Every structure is written in C-alpha cells, then in structure tokens.
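Below, subunit A partners subunit B and then partners subunit C, in two separate complexes.
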Partner chain A sequence: MRRGAAWSSWLSPAVVLLLVVAFALTQGSFYRLQLGTLAGIYAIAVIGLTLLFGGAGQISLGHAGILGTSAFITANLTVSHGWTPLTAMVPAVAGATLMGLLLGWSALRTTGHYLALVTLAFGLMFSEFGRTVFSAGWYGVPPLTLGPLDLGDSQRMFVAVWAVVVASLVAVLLLVKSRFGRSLAALRDDPVAAAASGIDLARTKIAVFAIASALGGVSGWLFAMYQGSVTETSFSFMLSFNLLIMAVIGGLGSPLGAIVGSVFLVVVPEFGREYEDFRLLGYGVALLLVLGLLPGGIASVGRVLADLVLRRSGSATPAVSGK
Partner chain B sequence: MSILVNLMSVDYAQVLATGTTYGAIFGAIALGYHLIYVSSGMLNFALGEQLAISGLGVISLQAFGLPLIPAIMVALLVAGLFGAGYERIALRPAMRMGLIGPLIASVGVSIVIAQGRVLIWGPNPRPFPPFTGEPNQAVDFLGGRWQIQSFWIIGLVTLSTLCLLVFLRYTSLGRAWRATSQSPVGARLSGINPSLIAMSSVALASVLVTVAGIAIAPLVLAGGFYGLNFGVRAFAAAILGGFSSTGGVLVGGLVIGLLDAWLAAALSVAWSEIALYGLLILVLLIRPTGFFGREVVTRS
Partner chain C sequence: MTATGALEGRGLARRFGGVTAVSGVDVRIVPGRVTLVLGPNGAGKSTLVNCLTGVDQPSEGNVFLDGKDLTGKTSNRFAQLGVARTFQHARPFRGLTLAENVMVGAHGRTRAGFVRGTLRTPFARREEAELRQTASLLLAEVGLEGREAGSPNDLTLEEERRLELARCLAGNPHILLLDEPAAGLGEDEATALATLVRNLCVDHGLGVLLIEHHLELALSLSDSVLVLDFGKPIFEGTPTEARLDPAVRTAYIGAEGDQ
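Take a look at the complex of A and B:
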C-alpha cells in the first residue's frame, strides 16, 4: 500500500472515468442513461457519507434532509423566481452546507447513539416540514445549461453528473491523504489521543459534516434538475436509509466503494423488475449480508479474494473501527 | 400569539388520558432499548417495527384456531426466539465495525421486518379487538375520556416491568445481566458470557415490546406504519430518562407521551410532529445525558 500509493490513488478515478465514457458512448438507451445518471447523483452524496462514517466515525441518519434542503432551494429559486439552475447552485449548496454545519455543531455536544438520534430527528423533521409547508411541490425545474452547453440531453447530463462524481472522488481521496484526513482518522480511532496530539476536535468534526453536506447539496441540486420536479415525497427517511445502505454495501470508508454501492443499489433491482415488491426487502437483506459477511463492502471483494489466494491468514480488516 | 393560545387552551384531562396510554407504550420500548444498551452497548432500532407487527402475529395464530391467551403466549415465545436469532445473525456480526455496526444492522432488521410484513400480511393494517368491551368503548375518569383498553395497556406495561425487575433481581440470568451492566470486565472474569447476556437481553426486549404491541393494537390497528414513529419517540424517552436508569426510561416514556399528546391537541398533526422533533433535538443539545442518567454510558 505504501509503495505505489502515489499512482494507485489516481487509478480508481481513472478507471471510473474510463467506464463512464465507455458507457456514455455505447449506451444510446435513454432509460439506461437515466438510471446511470441517478446512480451518479446518489454516488456524490454517498461519497460524502463515506467520509463522515468511515473517515471520521460520525453518523448521519438524516442525510435526505441535506439533499432535500438543496433540492428545495434549487426548485424554489428556478421555478418561482426565475433563477438559472447554475446560479441557484450557490444558495442551494450553501444552504445544505449550513445545515451540515448545524448538524456538525450538534455532533460536538452529542456522540454515538445520541448523534444518530439527532440526525434521525432532523431527517424526520425535514420530511414532515416539507410535507406541510411545501405540499404543492415544484414542477418544471429547467435543465442545466453551462453557457451554450445544454444538459437537457440525457447523454450530456449523464456525462456531466459523472464528471462531478469523479471530481468528488478525486477531491475526497486527496483530502483523506492530507493532514486533515489524518486528523479525521485520529478522531475516529481515538478522540482523546487525537485531542492530546493537538488536533482541534471541534473544528475537525464540524468541517467533516460541512464537507459531507456540501456534497449532499451538490447531489440534491443535480437531483432537482434530473427529476425536473421536486415533491415532498422525494426526501423521506427511506432515502436517508438507502444512502446509508449504499455507503455500507460499497464499503464504509472507501470513496470508490461509495460509487460501487450506489451503482449496485440503483442498477441491480432493474434486473428483477417483476419482483418490485421485494426491492426494499432486498436492500435490507443485502445490508445485513454485507455487515455480517463482508465488513469491507463490495469494494473489498478483490482484496478478500487476493488474501484467500495468497492464503494469508485473516481476511480484509474492517474499514471502520469506531468507538 | 394564536399559537400560544392554542398551546394553553388544551383539554388537559384528555391529554392526560392519551398521553399516559401512549407514554406507557413508549416507556416499554425505551425499557427494551435500556435492557440491551446497558448490558451490551448495542442500540437496537428494530424494536419499534417489532412492536408494529406483534398484533398481526396474534391474528395469524388465532386463524390457526388458538384462543386469544394461548395465541399471545405463542406470539411472545416466537418474538423472543426471533430477537435471539437476529441478535446472533445480524447485530453480533456487525460488532466488528464498532458500536455503530449493530445500530446500522438494526436499521437493516427494521427494513426487513417492515417489508416482510407487507409480503406476509399484505399492505393493509388490520383491526384488533380490545381485550374487553366494544371497540373504542371509553369511560369518564379524572375528567377525560379513557378507552377501556388504556387500562389494559397501562396495567400490562406495569406488570411486565415488575416481572422484569423480579427477573433481574432474583434469577441467575438476571443477576448476570446486572453484573454485566455494572462491569463488563468483572462479569467476564466471574465466568459470565457477555455475548449470551446480550442475546438474552435482545430476546427479553423483544418479548417486552411484543406485549406492548399487542396491548396497543386495538387502538392503532395491528401492523400499521407506526413502527418508526414509536421507535423514535421511545428513543427520545430513553435518552430523556438517561439510558442507564430503569425507572428513568419509564418516566421518560411518560413525559414524551404527554408532550406528544399535548402538542397533537394544540397543533395540527404535522406541526406537532415538527415541534416534537425540534424539541427533541434541542433537549439533546442542551442536556445530552438526559435528566435521570448519571452520565453517558460508554463502552469500548
């Protein structure tokens, strides 16, 4: 791992980029492109969660509220006030980040299970608030345009979303290797020792919530334009749970796993559309199977297999060792 | 100002009736969280969904020809085995990820229960007859209208709590549970198997919430979609009462029940939910250890 760390950190983004370009060029099917776009939108939020859960050992059971904040702001500004999608991004992501700062601030006062409840209550409060205050929803969110480039076309939207995914992946990978990333790991493994080594726990916690929420905000912003409408039902607690499942299934603590998990959860159910009733049940079972049998997630399959082949004793170590 | 007037001009006798009834249920679930948390450090979020399906289990057993009381007995037995089972196959293995693991796993168990319920019993909740009297039959008591079933609920929760306390005090398994909750290391040194204690607390908590679930079913339908709502309120009750105090979590349940009933009477359903969650977050931020707990119990 030490040796070759420099190139290996660029390997996964490069592979993802290659796959995405190949997919975009070969798949003319509108439906498949739409699915791929949705997976990418989720992946951006899940990359943030990965940093939060795996990187810092924090938890958020209300992340749908973060995505929702951003999507509501985007839809409100574009539909009701005539903003362009691009300019709406600034207040949308800022709003989501602000929510994240508040959650991060509460993470200072509460830890572990208490933090889980605060974030869960936040998520439930948000969906109830949306259902009450914005029950009408917004329809006709305009597609994204970048200057002359119209991303209303599903192929271009797909490429744009996945460009953001790859950018987020690179940013988070660089972040994990930076000084900040090391303080995150220290915070996760032993907060007391981390504080004793001069790490500002408060600033680190708030920062990681803010970063995860900013990514959630970008995801919610893209979601509003992808869907073309934002309704009260889009951001229920089920979305929070699904995002959590994506992060765990892909591999907690692995940003690449976040992408694997999102694609897995969006694409695999499509192979069994006649079993639609079993979809959520399958999510739950998949979550339990991964937790029980493959703590490193799907992203660790390669490593586990390699370990088996090389007959090293002890399989892949779990990615998270929170308190 | 009108909100303030609304909040004040509430039929307090009715709030007492509704609040005590639901507060007993929240207290029972909170007691379940407490049992598991104190002895193992795990937080089992699936108890709310277990509560929601317990009435359906009794209905199905009755369809096999069992009378009500034996059907309830079998349902409690099944609930206990189910609890022990998912502790083994879902919660325990997730411990490898630290204590966040079982919490995430219990979210998975909740989803499996909630979705499995739809597959087995269909999406529609079913009516469940009250233990005595006609459906929704009520009497005047302390100035409010109390459902007859409310007395069953409060009585059953009180009785199960007493049974639990006797069990924890006088049986060897109960003593082992108390030893583990006081000092996991010391208990292990005295030959107690902490993993067995964790499994039996999940089983015991499952039985407890199933009693509560059967008792509340006549008021809220069997298999309704209230598992998450009840689970979150009980979570709040447990935190308010300080996870580590048995009496505290029951009082916490009562407080949350009364608060919930008061807000629901004063505001619309949706706004009372928003206000309740908002208050919950505030209380957690102001006083993270609750009002009865000594301090946050931490396990590593």
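Take a look at the complex of A and C:
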C-alpha cells in the first residue's frame, strides 16, 4: 500500500513532464511557447499557494507582492548593477522569502478574514510602493543563461521553466506526505489539537508562508527574465486575484490542480482575445461553474466523471442492457 | 529531554470576565498514580485541565513540571515535555488518515523537518517507518486494529475518543490528562478502557489525571480524589475517604446515588 502511495506521487509529475516535452517538440510557434512559459511561471507560484491554502488552511491575497519583490530585485540588480540573472536569483528569492516570513509573522496574530485583509493590504501596499518609488520600471532584463546554455531561445526557456514546475510539484507532493506536511494538515484541521500534540503553531505558520513565498520568489524571478522588463503594473492586485483563481479553479490543495488552473487561466482567455470586454465576466462565470459543479477543481474532473458513470451504470443497468 | 517528574498546579485560578471558573486549586499528578477529579457540570474540571496543559493560561497560580515553572508556556511545549491530554469532545484531524492522526501525536519527539522530509533522507525514512509501526501498534492497542488508512469521519464519537488516546500515547508522555474518556461508553467498553488506563499507569509508570462520571469505575481506578464545586476544591483525599465524606456525598455522589 505504501508502495502504491509512492507510485501515485511520481505519476502526476511524470505525466506533466511528458506533456511538456511533447508540447515543446511539436509546438514550434513562438506565441504558443510564450503562453506555455507564462503558464508555467504562474504554476510555480500557484503550487506554493495550494500548499498555503489547501495544505495549511492559511490565506494570502497579496501574493503578487511576493512575486513583485523578487522581480524588482532581479530587475534592479541585473539592469542597474550588472548582475547576471543566475546570481540575482539568490537575493531575489531570499527577498521574497523574507516578505513571506513577515506575512507569516502577521498570521500569528490574525486568522481567517483578518489574515485575508492583512495580506490584501500587503499586496495593495506593494503595488502602491511600486507605483510611487519605482514608477520608471526596468527595461532590458537580460535572458537567463545557465553557464553555456542560453535560455533566450523561447523553446529552451519553456523547457527550463517547466523543469522547475515539475521539480516544485515533486517537492510539494513529497513535503505533504512528510512529518512537516502532517503538521500543516493538523494546523489546518484543528489548531488547538495540533498544539496539544506538540506542534509549534507559530513556527509552522511562518514556515509555510516562507515556503510558499520562496516558490513565489522563483516565479517572480523567472517572470522578470521572461518579460524582459519589470514595471509596477505587472504586480497589481489583479495578479494576486488571478493566482487565487488559478488555485481555486485547479483544485484547492492539489499541487497538480495548481498546474491545471494556471494553464487554464493563461490559455483560455487567449481564445477570447476579440471579446476583451467580456473577459472578466467569463472569469466570473468559469469560477462559479467550477465552484458549483466541481468543488474539487478541474483536477478532480476525472474522479467526478468516474463517479457519475458508475452511479449511472449502477442505477440504469436494466435500461442499458435492454438496448 | 523528556522530564519524568510530577505535573503540579499551585493556587490555580481562572476567571472569564466576572465569572470564576476555577479558584484556589492545588493539584499534583504523580507518575504511576491516578488522580481523579470529580464535580458536577460546570465545576471547572475542563478549565483546570486546560490550565494544566497550556491550552489556557491561569489568571493566578503556577504550573510546574518536575519542579520547573511552565506557567505561560504554550501547549506544544507541554506536549514536547511529555504532558499529553485528550479533549472532552474529541478533536481528530479530519483531513488525515487514522495512522497519520496518531503519527501527529509523536510530533514533539520526532525530528525530521521539512527539508529532510521533502528530500526523504535516510534519517527521515527511518523515522517515518518507525512512526508508522508505532501508529499501527497504538491503533491496535485502542481497538482500531487494521484501520490505519481509514478516515476519522467514519468513526463513532466513542471511536474518535479512542483515536485521540492513541494520538496522545504516540508522544510517549509520562503525564496523561483524560477529560471524560468513558463518556458515552457502555459498561463493558468503559471497563476495558479502565483496564487500559490502569495498565498505562502501573506498567508504563504514567501519571494520570482523570475526569470521569462513571463514578464507581473511576473511584476503583484512582489513588487520590479531588472534588470541585463551583471551581473550588471541596475535598481532597483517598477514594475511600471520598465515599464517606458528607460534603462530597451531597455535592456530587449523593446526587448520583439517588438515580
């Protein structure tokens, strides 16, 4: 049985990896690769959010501020101080993680709606900060190079980003099934009983915010290089909101759902480009449909369909066999 | 790291606004002995347990473990030092399996952090395997044999209570506070539970504080009795003395005897 559990935690990353390689090999179009890369960049942040929301029952409505912190640091160091993108990663991710520690610290004093408001305020503060202090933005962020490997090429960048997505997915799946993952679930299900079982709630909350923010930091760092420029408008509240929708639509608490939700929310609106005005309305309707019909998110669609078929074939057996 | 001494409350009081739930209570839970706390509903028994385990902070008085002052420490600290407790209304972790619930109980005495857990280092694997085995043994001990992969949502209230007991024991505590463990149990089940508590106490040297309404059972199980009424101690002594004490009889036992 334990072997089976180990199997299933490797299965979804393997499937994602296969799809990604197939996509990279068959879809030569720059436009599609760019979209796929963007979806992957968001997916990394959303995987962190599913750990925060679904794994530990915490919330962050200001995650754009985390991605933004990392992207600002990356852009500033590479454009204004001549750092290479790779070395800029260290302070960028560290900065985002530090912001996460601060948010986690505020989660010690607030829970539920109040925590949502605190993180929302953080996100708004960040975008105001960007608007006033860094209104000029940064242009000409160099593409990522890993030694001899130049990721300026869109196909290589796509593969590199998705390699990080798969690595994050594997890490989070393993983490959830570890002692630390259990302590997150205990915190989510019953904080009082969790503490009485020896779990340090403060440390656990701060740690999960830090981990989610580190993933957000990686996402923001990749975003800076993907975009080639960083401006204050890139990390508005709308991005926090989108990341939240990605996590919910994919299936809250499911790291695989995070990937599904990110791809869904990046790709689907592209089909409706000419109906730009109706995009928000479309979001709203899609969100309501998912919440109403698939509370487990798009990632649960297979299970829901299987249940439906089983139930139908169970109750309607005579009709079917009568044909 | 784990202490072995007594858990002691001195001069404990807890007020909620103008209401005094507990006042002037001295209690000592000694390894190898069962201390019974009696009292009618609202006498402050659960509040006392909360104050003794860091779940709630006393308004007055101090809590000592092995002579060390732990007043003001949070409940995870108490758990890490070997003080475990159950809740009057069981509080299982509903998103985890039964085995995982028990494994969480060992959190304070296990070490693998998120880095080692995610990387599955040999240390983390070993700890995890040992923990799974312990969880199976404990589930069997409380009568939930072979249900490791089950969900707490499929348990009866009484089974939830037994799961919680297994979770407590996973932490290898030396002090155990049981808040009405036999509530809702039939006569046979309550006797089985009593045997288990007695075994833990005698064989494993645990100090137990017991809140229980199965009066005869609880008295036969305990070494000393503390009776609370409106938060104040009205009697302290042996079970035999408690049976004879007129104040206790009128406040508590008498009412029970009338039924």
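Simple rule for what comes next: the second predicted complex is superposed on the first by the 308 of 323 C-alpha atoms of A that agree within 3 Å, B and C clash if a C-alpha of one lies under 4 Å from a C-alpha of the other, contacts with A are read in each partner's own complex, and residues count from 1 in each chain.
Basically, a residue touches a chain if its C-beta (ideal position, glycine included) is under 8 Å from a C-beta of that chain, and two chains touch if they have at least 3 such contacts.
In this text the structure is predicted, and so the values were computed from the model without any measurement.
When the shared chain is aligned, subunit C comes close enough to touch A:193, but subunit B does not.
Of the two partner chains placed by superposition, only subunit C is touched by A:181; subunit B is not. Of the two partner chains placed around the shared chain by superposition, neither subunit B nor subunit C is touched by A:164.
Contacts of A:96 after superposition: neither subunit B nor subunit C is touched. Residue contacts after overlaying the shared chain place A:239 against neither subunit B nor subunit C.
Looking at the shared chain after the overlay, A:120 reaches subunit B, while subunit C stays out of its contact range. Ranking subunit B and subunit C by residues of subunit A touched puts B first.
By the touch criterion defined above, A:38 reaches neither subunit B nor subunit C. Overlap of the subunit B and subunit C contact sets on subunit A: empty, with no shared residue. On the subunit A side of its complex with subunit C, the touching residues are 1-2, 171, 174-175, 178-183, 185-186, 188-190, 192-201, 207, 211.
Residue ranges on subunit B touching subunit A, taken from their complex, read 37, 43, 89-90, 93-94, 96-101, 103-105, 107-112, 114-116, 118-119, 228, 232, 235-236, 239, 268, 270-271, 273-274, 277-278, 280-281, 284-285, 288, 296, 298, 300. Listing the residues of subunit A that touch subunit B in their complex gives 53, 57, 59, 61, 106, 109-114, 116-118, 120-122, 124-125, 128-129, 131-132, 237, 241, 244-245, 248, 252, 277-278, 280-281, 283-285, 287-288, 291-293, 295, 318-323. Against subunit A, in their complex, subunit C makes its touches with residues 53-55, 74-76, 78-80, 84-85, 87, 91-96, 100, 103-110, 112-114, 117-120, 124, 127-128, 131-132, 149, 167, 171.
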